[in-house]
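What follows is subunit A paired twice: with subunit B in the first complex and subunit C in the second.
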Partner chain A sequence: MSAAATPAAAALPAWLRALVPLVLALGIGALILAALGRDPVQFFANVLNRAVFNRSGLQETLVLMAPLLLIAASLIVCFRAGLWNLGIDGQFLLAATFASAFAAAWVAALPYWVAMALLFLLAAAVGAGWAMLPAFLKARYGVNEIVSTLMMNFLGFGLSAFLIKTLFGDPEHPAPQTTMLEVAERLPRIGETLVHVGVVFALLVILAVHVVMTRTGFGLRLRIVGHNPRAAEHAGLNVRRLTFAVFAISAALAGLAGAVEVLGVRGVVRADWHPGYGLLVVPLVFLARFHGVAAIAFVFVFAVLSIGGESAARRADLPNDFLLIMMALILVILAVTDHVASRARG
Partner chain B sequence: MPEGTGAATTGADRGLDVPLVRLSGITKRFPGVLANDEVSFDIRPGEVHALLGENGAGKSTLIAILSGVLQPDSGRIEVNGRPVRIASPRDAIRLGIGTVYQHSTLVPTLSVVQNLMLGQRWWRPLGRAAALARLAELSALLGVRVDPDATAGSLSLGQQQQVEIVKALWRGERVLVLDEPTSMLTPQGVEELGQVMARLAARGFGIVFVSHKLQEVLAFGHRVTVLKLGRKAGEIPPARLSALSPAEATAEILDLMFGRGAADPEAPRRRASTIRADDAPLLEVEHLSAGEGAVQDVSFTLRPGEILGIAGVDGNGQKQLAEALAGQLRAEAGRIRFAGRDITRLPVARRHALGLRYLTDDRLGEGTVGGFAIGTNLVMKRVGEPPFWAGGFERPARIAAHARELIGRYDVRTPGPEVPIATLSGGNIQKALFGRELSGEPRLLLANKPTYGLDVANIRAARDRISAAAAAGVACILISTELDELLELSDRIAVMYRGRIAGIVGNGPDAERAIGRLMVGGA
Partner chain C sequence: MDALFTNAFLVAFVSGTIAASLPLLLAGLGEQMSEKAGVLNLGLEGMMLVGAFCGFAVALETGSFLLGFLAGAAGGMAVAAMMAALCVALPLNQIVVGIALTLGMQGATSLAHHVLYSRTFPRLPRQPEVALPLLSQIPVLGPSLFTQNPVVYLALLLVPAAAWLYRATNIGLNLAAAGSKPAALDLAGVSVTATRAFAVLATGALGGLGGAYMANIGAGLFVPFMTGGAGFMAIVIAMLARGRPAWVLGGALLVGFATSITTALQVAGFNIPTDLVLMLPFGTIMLVLTLFGRRAGLPAALGLPYHRGAR
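Here is the complex of A and B:
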């Protein structure tokens, strides 16, 4: 039946549809707060005051956004192509580990920007390399990439810790970790702020990814594969090669996220470090319906909630888990509004 | 909320004049299209009500409203005289309306009886024994024989459809709705379907039958309703229909569909050959095998301007042959030469660039990306190429202009090139695909069942297009199960049987008999 295939797009402008679940979830969050005897207005005011209307808080928010934006870009590429690269966390961590392992030495030996460029390339290559096995299994044998990429995460976490404890470890340091990149040698800050250039880089990358996915022939090829692989074969697209390309690009972007985090903020990777950003960003990208600009907005909201929510929760004497509940609410409501919208168009 | 269960009502408490289902004043609007405009439609017990209309007239929309898939913007629905709302397919079933959609909904890997048990509520399962009994009961009612343990995928399309009908009547539904049920059937399958409908009608079921084929409508229908541009153009009640001769009835229906004085587009004719005999063969196929036995040792040649028909009962390797020629299926043995060049190992895109165009019969499955704009679908085989892309970047204005031109030239009924192609009616999607494959510089057109689902006027237009392409020097391979189509267009007709070409006959007075013999494996 032709009607079943109609996208809900016709009914509401996209940005409005994305906003509805967000507003609803915040509203329900407010009700829960009120039920718990907390002042919701005060709570959200605290969040905003800490994470947006406060100079250093806003800077923290922006800094947190950098790796999240690159991961969002990574996911937009693979989701639009209909591939579930859920191995972003493994790709991220391995790339961060490699970049961190060589950072101090290369920065000492090479001109600064050459060293940085090489470290970013290294991270991208490590990320992409880590995705080649799932890519091959998918392209050659049709192995479900969700399973294979999740498995590669465990392998990646283990390998990263193993490398740090053996080859990449800093012998001077008692706990297993890579050699620290000095604060002065991390990615340069913009003006007098905490915000490093990696934030700008991440913004440019996600915008570029958006343009490539929506305006170019390459992006269209990926979207055709994503929507209907059989139509892609029929139209003469090389689905296998595109599958490799998607995994490579997506994982390289996840690798860049690792580089930005470690070269811009942390300067070091400890064997037990394991931020798990990837699976946090997956729902944001869905909420944004794979739209790059919308993803920026949702990553911003998420960063605000993380930075500001922590202190607001503390002040309201609530456990931090409250924030997770809010995020989960947003997602559940997204699913519900989507379902309602698709029923309503009938 | 729906009231009561229409299914349980028996003839006794129903006056014979009360229709099982009555739609009145149904209006359904889509962005830019009035798909149903104040349509009234009755389904009466004991009647096969044939629903006709040109492509895009609104038949599938009306069916979707009947079966709860779509909601009308306005209008009344009554079941057994009581007003109801059919809010979902489940409501439709509860009200006793069973629908067989055009595309199979069976799970091919499950057995027949497993498929039938799938639709049950998990909290009220029917045991296997009870399901077998129900299947036996319905098989007897329909007068068909179905092996309950055969896997659905192994059945012929006709048998699969019988299972679909059993499924649609599983819970005692009294109304059976069939959207273009015959378009993929063999003539024998059509015959059997006709008998099934007749048996059901004789037992008081109400049946809706959508078809583009007038002979079928006259053979199986008791009442005829014609839609045109969403409006009801007319209705021929049983008394009148049986009083008319087939020729008069055909003329009247065509009048309703296309306006007064429309010539019978189905009148047989035969095209004059346009083979350019002096030219070198464009396509040479030698001992081609593909698809693990689906195509075996096939050889033939084709000249520019020639139309080679491929006949055969559906499922004898025609589709795999087309896919092997288009490059979608790897050749396991043999060679394909195109314009003197070996293309056996070339991928799909390279063959397309050489001018080899495959008009697939799987329009929704592989021919289109339903959610993408018509304009995008029309350039889907040319992604990245100028003039639609420059330096890798899309040029939306060029793509839209190209789409508008094809939409105009191929008479695609749509509000515009930006709407998702899945919202077009079945026939209009096919017109768009015709436009896509014939644009640019085609040299070989590989058309697989190019006219199924088209209305009679569009069938005429499509056949004329194939003739015109041949006259312009395009070589054509026409795969069809419609003998009259093959006889009208082809220069020669190859018959496929179990993956092989059983024989190739020149089109002439004796062709029909020769083809018939070859189709069933005779020499």
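Here is the complex of A and C:
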């Protein structure tokens, strides 16, 4: 079982390959809405009005993209190397918790950008550290990493909640949460907008990851390991060391995603906070065929749906979870059209 | 006083362990069959949720506990049929479709709950239980251990039944071949598609049954997202068990044990941080992995679609 990419299905223009299934999925979603007695046109107009054509809504969409892009970058690294790091959610949350726990104190004690740089480094280190046990088990004993990383997620959630309730808790706040980073001290915003510099950082990171994975010797080595570990071993590559490197880089990127979310937007981690972005980004990255630029487009569509869909669902008196059905439809139909497109080319 | 205290502790512990293990056992046995045949079924969580919803809705409507469970299994199979159509009949990516089905079913059951029950929040009455003769009369533990819903006995009987199926029947051999060398199975004149579809549908039925147990027996009601990751835990247990049904039972009991020790310790008046205790089952699995999981022998063709004639 390999996660490595099959570089098929590029015959149709990329935008068409993405657009046709999107329209189909939205069409089926519209039928479901009509069956429930809601006005589908109004619903989708509400989504777009909220998330794209509204100044603050569009900014919220862009802000939501920052952690998702970093998670996508994290997944691109490990999937291209044939490793399933499904522990992103645990790495994300634990890194966010650590960054948030020290944010207020470090920003007060150090020059601003030094503090921020250290917090990002801390988050990356915590994320990477949380992946070391699965990396070791995989590299040393060949233990399946899907199992071990999924388990580390649950351990990460528990540990994070425990730390917030004990060591990292803000004693002055009644609910268990870390010390709040004041709005003025969060990542600076661009111009007069809500969009913070973390969004640009995330865009640059995913593009850099794409270039490293497709255009450098290091990326090539990782892809060889992903396609055929045994051949890589015979070619003289140190597969064990590369396995550690992949887990460390992938999990560090997931940690950075946690830092961006906390230092850019939230300013605090509550003990019961579980964004669970990881599992949502996995299929997006698959559909982008591990391509960094395509992943940006898919992440944008997802962000529009979740920002706009939230208010549209509320207005239509539907539960927010209705959007999950839309997500599922888009994923399945994208997968089907992808298959049909690659069959048509023979 | 002390004796009563211990009894309350033991009873809470034993019934908690069974309630937590049983859905994992059913879903884990199902996932094991699917993995054996080469399909990594990440839609299991969605199948359990649909099973929980259908099981609850039908049991509530008809008042029949048996019809409820049948509906739960049927609901799980309906989701499994989608999985089979997309990932067995069509060679789509099992991970993408599995996650999509789980997400979609989370949304669908939450929506259905919103439409049907969000204003009334109905509950089921206590479901019938069967006391095993003699065994249930053992003092202290007997009543809580041997007075169970019939589904519990069925699930336990499934463990040797599955072991027999894998070891001694053609179906079992076909399943294993579909997972490790599908081309060989095809050459032997057996349809890989049919074999895998059978396995996926069986997974759906068992997962749905597990979900229905959670809703109808465990909770007595349906709430959105009520499976809470049990499907993913069952996947992990099935992977660890490497094709041996008895190990699924062991894994499910281990996780159920670690889950219920929290409640039982609270009943006994120990005050330990819940967050740490909730980590116990997962920590246990990591420990087991570190100590014993060294040669994870998964089927060679797991997760790979089968194209006839492709090399």
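Assume the second predicted complex is superposed on the first by the 307 of 346 C-alpha atoms of A that agree within 3 Å, B and C clash if a C-alpha of one lies under 4 Å from a C-alpha of the other, contacts with A are read in each partner's own complex, and residues count from 1 in each chain.
FYI, a residue touches a chain if its C-beta (ideal position, glycine included) is under 8 Å from a C-beta of that chain, and two chains touch if they have at least 3 such contacts.
Because the structure is a prediction, the values reported are computed rather than measured.
Engineer: Look at A:L280 in the shared chain and tell me whether it touches subunit B only, subunit C only, both, or neither; answer first, second, both or neither.
Structural biologist: Touch partner of A:L280: subunit C, not subunit B.
Engineer: Name the contact category of A:Q42: first (subunit B only), second (subunit C only), both, or neither.
Structural biologist: neither
Engineer: State whether A:L133 touches subunit B only (first), subunit C only (second), both chains, or neither.
Structural biologist: Second partner only, subunit C.
Engineer: Have a look at where A:L331 lands relative to subunit B and subunit C in the superposition and call it first, second, both or neither.
Structural biologist: Second partner only, subunit C.
Engineer: Which holds for A:T216: it touches subunit B only (first), subunit C only (second), both, or neither?
Structural biologist: first
Engineer: Should A:V143 be classified as contacting the first partner (subunit B), the second (subunit C), both, or neither?
Structural biologist: The second partner, subunit C, only.
Engineer: Applying the document's definition of touch, where does A:L237 land relative to subunit B and subunit C: first, second, both, or neither?
Structural biologist: First partner only, subunit B.
Engineer: Between subunit B and subunit C, whom does A:M152 touch in the aligned arrangement: first, second, both, or neither?
Structural biologist: Touch partner of A:M152: subunit C, not subunit B.
Engineer: More residues of subunit A are touched by which partner: subunit B or subunit C?
Structural biologist: Between subunit B and subunit C, the winner on subunit A residue contacts is C.
Engineer: Please write out, lowest number first, the residues of subunit A touched by both subunit B and subunit C across the two complexes.
Structural biologist: 1
Engineer: Touching residues of subunit B toward subunit A in the complex: what are they?
Structural biologist: 31, 60-61, 64, 69-71, 101, 327-328, 347-352, 358, 360, 362, 364-372, 376, 380-381, 383-385, 389, 392-394, 420, 422-426
Engineer: Using the touch definition from the top, list the residues of subunit A that touch subunit C in their complex.
Structural biologist: Counting only subunit A, the residues touching subunit C are 1, 36, 133, 137, 141-144, 146-148, 150-152, 154-155, 158-159, 161-162, 165-166, 271, 279-280, 282-283, 286-287, 318-319, 321-329, 331-332, 335-336, 339.
Engineer: For the complex, give me every residue of subunit A touching subunit B.
Structural biologist: Touching subunit B from subunit A are residues 1-7, 10, 215-218, 220-221, 223-224, 227-228, 230-231, 233-238, 346.
Engineer: Along subunit C, where are the residues that touch subunit A in the complex?
Structural biologist: Residues 40, 86, 90-93, 95-97, 99-101, 103-108, 110-111, 113-115, 118, 224, 229, 232, 235-236, 239-240, 273, 275-276, 278-279, 281-283, 285-286, 289-290, 293-296, 298, 302-304 of subunit C touch subunit A in their complex.
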